[in-house]
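The structure under discussion appears below in the form of structure tokens.
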Amino acid sequence: MAQQQLEHVADLVQTGTTQGETIVRFERVRKAFGDLVVLDDLDFEVKAGEKLVIIGPSGSGKTTILRVLMTLERPDAGGVWVDGDYLFRVEKRGRLQRASERHVARVRTKIGMVFQHFNLFPHMSAHDNVAFAPNKVLGIPKGEAKDRAKALLESVGLGDKLDEKPSRLSGGQKQRVAIARALAMEPKVMLFDEVTSALDPELVGEVLNVLRELAHNTSMTMLLVTHEMGFAREIGDRVVMFDGGRVVEEAPPEELFSNPREERTKQFLHAVLDRT
Amino acid sequence: MWEWQVVWDSLPALWKGLQVTLQATFWGILLAMSLGLIFAIIRRVSPGVVRLPLIGVLEFIRSTPLLVQLFFLFYVLPNYGITLSGFETGVVALGVHFSTYTAEVYRAGIESVPRGQWEASTALSISPVQKWTRIVLPQAIPSVIPALGNYLVAMLKEAPLLSAVTVVDVLGEAQRICSRDFNCLEPYTMAGVLFLAISIPASFLARRLETRFGPTTA
Amino acid sequence: MFTESVIERLADGVWITIQLAVMAGAVGTAAAIVSGLAGLSSSRAVRWANQVYVDFFRGSSAIIQLYWAYYALPIIDRDLTFSPLQVGVVVLGLNMGGYGSEIVRGAVQSVSRGQYEASTALSIGGYQRMRYIIFPQAVLSMLPPYGNLLIEMLKGTALVSLITLADLTRVGLDLRQAGDLSSASAFTALLVIYFFLAISITFIVRRAERFARRSMGLEA
């Protein structure tokens, strides 16, 4: 895909956050599935505008971080704070109480997510996939939502696929529709959950190009779980090595990749880089 | 309006009628289970000239109302010298009608037996009869028991139709009391209650079969 | 034999049967959707009430229900007197709903979890998620068993002849009674006409299936 097609995607994305302030905070978050502890009193922060890459062995719970943020999983304990509000709780008379579904729904709109398996709506065209939620959820008039969706799809290089159903698109094209669909809701924080893992190798590049464009040219906060180490190194402001439900080590990419401090990180990087 | 005396007076007759319903269901089930198996086997072993008409006839019987089939047997067969009682007509109609469903269930079971089993039977020179009775059916039938169970309950529910061809079953008794004494509320209500008392446990049993033998293929 | 007037009367019966089937089918479809979704409700009370409905109609006999609703119900209260057509539509429809309930529930449950998660990520919640995202995808897997269910319902319409409605079966019985048709021709004609109606249902449902597959972007 030609690079110039991507040039507008940055123009279409507005985040309205102040760079550098904390926008996401996990406070001693605990989550277990049965006996398996996937988040073990996890503490960490993300700054507005930051591009945070999360790496770690599979089954280490890194996807769960994103799923908790997207409210697809509810933590067993601890607080998740997003842009001024706790996600699952509200402060009343100085104490935290379980939040109503309405509160969760309101905070949720600040977050968007792109999935490993796309999860496009198969019965809708690419155009409707992107325009549907802005129209029905945000109440943007249909024509306007459609125009914006068209612009977003053009910006990810899919201007000629507007009326195609997902089943007629390649994996890379599907994932670009999914990115446009998430962007259309204008979230402040975007979550990318192994978005290239389900793609054939030759289709990975076109998706990474879109992510690269977003990373370099927008102030959007991005959390990426990925196995693409080269890409992590290229776009990440900070890399978090995650294992056993905890942050093993975090550092700017140059440092973490060339000079890891922890033994666990070394082993992991060794295994991953050897493999590829 | 509602008189318990009428209920007590009509119960013995309704109970007798319910027994007729259950008997008809029992014989109908036997007929449907065996006839369905025969159809399923014929379908599998016979050449196209036999199979295709058979499929058509089964489809025809399955797609048309049992009530009309009942009338057909009851009023038309005597023309050909076959005179059956209402009860016998009912058993045949129930059995034949539902054999078209059980045939499909058996067919799914037979088709689920892996190819290798058929080939092994041939390789070991097992006779055709033994191939079916010793190899194929013992594997095919357990998996279809839940689906069969559902149709057996369905047969029970259709059995009161027999009252339309003069059988004095549970519904027939209720009709009799209704037209004789003009007390219709109690007998019809009690007929329904008695019927539910049998059919609800029966359908729970069918559902138990389903959880016991796993999800059904048909 | 099949004189013009006999054919005319059969046609009247067919028309009644079609009307009854269409109305009962509409009631049944609505009942199946409501009941199927109620079976997935997060409220225990709703699920329980729904289970009572499903078990009652799956457990009891349609013909007894028809007799009860037509002959016994008016005795409880004269205001509960309904025409045979009304009784037929409601009883056949609710029976169909009892079976359709499981079809709807199963099909909705078969829609992948990813579709629910994508909806959550886009803040598409509750009603909108079911109406626009989940249900349209479930329709495709509902259609084949729904077609069979419609045929079972059509067969059930013959029962209303026993509560005096002049449907196809009733017309056949009357023609035979009056000597206009022999038993053999009367009942053969009925069976052939019912078979033709059943085939028409199959044909329409297949068309709907093809349409649904295409709108999912699948090959027809």
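For reference, chains read A, B and C in written order, and residue numbers begin at 1 within each chain.
Quick note on the criterion: contacts are C-beta pairs under 8 Å (C-beta built on N, C-alpha and C of every residue); 3 or more make two chains touch, one makes a residue touch a chain.
What you see is a predicted model, and the numbers here were worked out from it, not measured in a lab.
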Statement: Greatest number of touching C-beta pairs links chains B-C
Task: State which chain is most central when centres are taken as means of Cα atoms.
output: C
- request: Report, in whole Å, the distance between the mean C-alpha point of subunit A and the mean C-alpha point of subunit C.
  value: 46
- prompt: Whole-Å distance, subunit A centre to subunit B centre, using C-alpha means?
  reply: 57
Message: Counting only Cα atoms for the centres, state how far subunit B is from subunit C in Å.
response: 21
Query: Any idea which subunit C residues touch subunit A in the complex?
result: 112, 114-115, 117-118, 120-125, 128, 132-133, 136-137, 215-218
Statement: In the complex, the residues of subunit A that touch subunit C are 70-72, 105, 108-109, 111-113, 115, 117-123, 132-133, 136-137, 164-168, 181-182, 185
Task: Over in the complex, which subunit B residues touch subunit C? Could you list them?
output: 1-2, 60, 63-69, 71-72, 75-76, 79, 156-161, 163-164, 170-171, 174-175, 178, 184-185, 188-189, 191-192, 195-196, 199-200, 202-203
- request: Could you pull out which subunit C residues touch subunit B in their complex?
  value: 55-56, 58-65, 67-68, 71-72, 75-76, 151, 155-159, 161-162, 169, 172-173, 176, 183-184, 187-188, 190-191, 194-195, 198-199
